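Every chain is named by a letter (A, B, C and D) in the order it is written, and numbering of its residues begins at 1.
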Amino acid sequence: MINADILTAIITPFSDDGTINFDALEKLTNHLIDTGSKGFVIGGTTGETPTLSHDEKIELYTRFAQIVDGRGVIIAGTGSNNTFETTHFTAEVSQIPGIDYALVVVPYYNKPDQRGMIAHFTAVAEQSSVPLIIYNIPGRTGVTMANDTVVELSKNENIAGVKQCTDMADFEYIVEHTDDDFNVFTGEDAQALFAKIVGGRGVISVASHVYGQEIRDMYDSLYAGNYQKAGDLMRFLSPKIKALFMYPSPSPVKAVLNAQGYEVGDCRLPILSLNDEEKAILAQRLGARDLASAKG
Amino acid sequence: MINADILTAIITPFSDDGTINFDALEKLTNHLIDTGSKGFVIGGTTGETPTLSHDEKIELYTRFAQIVDGRGVIIAGTGSNNTFETTHFTAEVSQIPGIDYALVVVPYYNKPDQRGMIAHFTAVAEQSSVPLIIYNIPGRTGVTMANDTVVELSKNENIAGVKQCTDMADFEYIVEHTDDDFNVFTGEDAQALFAKIVGGRGVISVASHVYGQEIRDMYDSLYAGNYQKAGDLMRFLSPKIKALFMYPSPSPVKAVLNAQGYEVGDCRLPILSLNDEEKAILAQRLGARDLASAKG
Amino acid sequence: MINADILTAIITPFSDDGTINFDALEKLTNHLIDTGSKGFVIGGTTGETPTLSHDEKIELYTRFAQIVDGRGVIIAGTGSNNTFETTHFTAEVSQIPGIDYALVVVPYYNKPDQRGMIAHFTAVAEQSSVPLIIYNIPGRTGVTMANDTVVELSKNENIAGVKQCTDMADFEYIVEHTDDDFNVFTGEDAQALFAKIVGGRGVISVASHVYGQEIRDMYDSLYAGNYQKAGDLMRFLSPKIKALFMYPSPSPVKAVLNAQGYEVGDCRLPILSLNDEEKAILAQRLGARDLASAKG
Amino acid sequence: MINADILTAIITPFSDDGTINFDALEKLTNHLIDTGSKGFVIGGTTGETPTLSHDEKIELYTRFAQIVDGRGVIIAGTGSNNTFETTHFTAEVSQIPGIDYALVVVPYYNKPDQRGMIAHFTAVAEQSSVPLIIYNIPGRTGVTMANDTVVELSKNENIAGVKQCTDMADFEYIVEHTDDDFNVFTGEDAQALFAKIVGGRGVISVASHVYGQEIRDMYDSLYAGNYQKAGDLMRFLSPKIKALFMYPSPSPVKAVLNAQGYEVGDCRLPILSLNDEEKAILAQRLGARDLASAKG
């Protein structure tokens, strides 16, 4: 069971020469741990994985595990829409010291059916030395893993959880129909509070790059029995979350982090960094004078 | 401010001869108050209002107020897609003793824009002796009242709240941007818990006809600081709520109530009462041996 | 069988005092016949029927039949979401001399299922002295009549056709699975050409108020074997059609007609007439200097 | 300008040992040319490209060009959601003798905005020795290339067309606003007829694997001025097209081809070949006794 309620799907910082910036990664990681993250997804969508080469990913995961050094759980992204490739890459990543789980996305673009998804995840799980977390995000993949498919896959000993990006009714169904040690996370920041309340493990967050402390406070208020304060924080966070996805992710998060001195660099194509006009609009939507001062 | 967290959008019981059954209405009303309802919407969609004549509605509202007799707040449905007609009917209903508010739906079918909605609600509010509650339900009306339109209308002294049937982000926005005494209810049972947590007044419920006690317990658990129990109850309720809308409402609720001895009769066309096969499927979805035993 | 390919869903002109303007109606009707309309829907959505009283509708239909005087088929709108009321009103309208068919909309707002729709239309058909045309428009009613329900109802001797506002695949299915004398019309101007090509009877049009001649030419080009010219005209019409629905219908059509001297007056609430800014935007979208010059 | 109205997005045949079966490819290619295909997309989605390695794709494209040997235009799939990778792979493929165009999909999964799409396609076009065809398929990519973005990219000398999978209004807009030599194809078989009529170049088809002759006849009937026959054929084809996509593509097409002796083999994971039950359902939906006899 994953003993962590807030995990950050961490961005990949790039240097001016376009390579991964490990110094920036370390600084950011420490900041995220300080502001309440209990774990990470490295090499997720937010990490611009589609644009990382095989070798970059292996180095990124290896060095990230060294940076975190036991201070949080690590889930590494290994999925693609090619079962053969995913199986091999997951097996390889699962050997990296410090990687606790592999995040395997539902195959995007080629749109398998439920039977194909089961075959895909079963094949990948078989060769992996760490348990898998399913990543179910229809808005990106064009296809939905059905609730009962998640439930069926949850019985596989090497499938340990799901990062779910559909609606709350689905989320509740999965919590209800899987064992208590199956880790059900929402991948939607907007559901962070509700997901926790109905029995999910917590949230795999993008907004925590900027609003980690507020999400931390929200959860802690809830634990302390103060649902009103938790609700107030959720209501505060919602428009900020929306704003952080108003341009292709992770460009808004990177823009804020750059403005606040984290030197995470540009995005890789086909994602562009925000231009000045977009930065101004984003700041305004975040209720801040400028991105440097965007905070809780 | 409406001091009530659970309101039931009560069905209209019919006798075998097709007329309104006031004895059944009284029995059901008492039951609902006993199981936690603090108020009512009478003559809403669940009350099959499209099939009630003008005179039936006036009698229904008048006698229902006598039945409730101060034991809960009463909101009476008065809206249509004809501004002239709505204005006159709302004014008439607002004179009925015991009617506290008028529920005015966003005009359905003819699809006004935001400007038209503002004109509609402003005209109706002007002639009503009781404050209005806006009913925003795009799934039925084909058109959405925008958040900022709700906010603008909330400034009208004679518009006291909204029954909102869109997503949680909209709900949170409206709570955030309206005064504390503006009554923001969700009309979606599936949002009952979340709506309360983020600062809504509560829920206008259909499921409370059958699961009133569980919704009561859910809210009371939350108030007592036990969010886990509240979450467990929400997760219990969600599939039941879904089942109660698997056939055109209110036929499933009426089927359960009939099975449990409340003699609420059939639906009026174009809504049909459930047939035996549908009743069996509904019972199964409610996790019950039969509809008579469907309970929390 | 309806021997007409272009029918106009005609607006209801109002005088400054708010009553129906029959002089304007006559002038407009003549214009529409001159520009290619072979029939009419009177008292449809475009006719603002939700805002007409019972007596207004009876007078409107009676006098409109006298105006048309055999120069085109007449379909009169009689539907609502109350089966009892629809049955009686359809029966009454069906006695008006010159009314050839009754347009009965799928019940909106209360969302019956397929079984309820069949019961509704069967009940209405039984009491009507003229055959019914089903009006299937999910975007307004919130519910879709399934293809197989249309097919089943097409076997009722007193149901003569359908005005279909879903996608082309549905349209083709219905044409394929109903008898040749069942009249399948599209109610979407954007489908006017395709619907004709795959075997539909034609279009029940709103755009024909302004672009009747172009729609006439489009159909006639097709009949003459010149598909390229028909296609060019469809491509010309598409953005105009979109523009005519950019504000709540029929306000854009009425704005154009007023600008062109047809004196059709304002809309009734909750539909507002266009303001000056909206008129300017509409003209621009119609590719015209101003609304008076908007033409093919 | 591409002088071809029907292009087949050809499947990739696999041998029992899992390698590409070039004999089957040749046999199938000849069959497709015989039944009316005037060109091909090789290595599209239908070709299961996500599961082909770099080397397999290079060999596939090289040998396919030799098989076709000038008997039709060839468009080779080269796109991904990584701009760097797409640029290099497109440049490489563009050097293969006989490849006329490169099909570059809008980046899937990471969801660039319009600005990012323009940067992506501009970068790829710059390095390619053959012109690009944009592939706009929101149902798979999760993101829509806006009409005006297509129009803007059409001005790039090395971007020659678009395979469009959105609605007919978009299609018409693009035809209207691009130069006559810009090749606008529909990628939706269901739009094959309408796309041609409104001025598109034609269809990039999957159904042509099975119903090539019928699509050929449909277009030829249209050219001959017989729109009714063309419409009848479209109506005949529509349910077949739907059936061919009822399971993940290309498994239905491969099942039919295998049944008809083309030995195209299984699909690669995550797409599964049809099981017996699925084959029976598919045959029934194609209106055939079994898949071997599924025909026009």
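In the analysis below, a residue touches a chain if its C-beta (ideal position, glycine included) is under 8 Å from a C-beta of that chain, and two chains touch if they have at least 3 such contacts.
Protein identities per chain, from UniProt: A, B, C, D = 4-hydroxy-tetrahydrodipicolinate synthase.
Bear in mind that the values here come from a model prediction, so they are computed numbers and not experimental data.
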Intersection of contact partners for chain C and chain D: none
Graph distance between chain B and chain D, where chains that touch are linked: 2
Reference chain B; chain at largest CA-centroid distance: D
Cα-centroid distance, chain B relative to chain C, in whole angstrom: 34
Separation of chain A from chain B, taking each centre as the mean of its C-alpha atoms, in whole Å: 38
Centre distance in Å when chain A and chain C are each reduced to the mean of their C-alpha atoms: 50
Per-residue overlap in chain D, given as positions that touch at least 2 other chains: none
Overall pattern in which the protein chains touch one another (line/ring/star/complete/other): ring
Each pair of chains that touches, named by its two labels: A-B, A-D, B-C, C-D
Complex contact set, residues of chain B against chain C: 45, 48, 50-51, 80-84, 107-113, 115-117, 119-120, 123, 139-142, 247-249, 268-272
Touching residues on chain C, where the partner in the complex is chain D: 168-169, 172-173, 175-176, 190, 193-194, 197-199, 222, 225-228, 230-232, 234-235, 238-239, 242
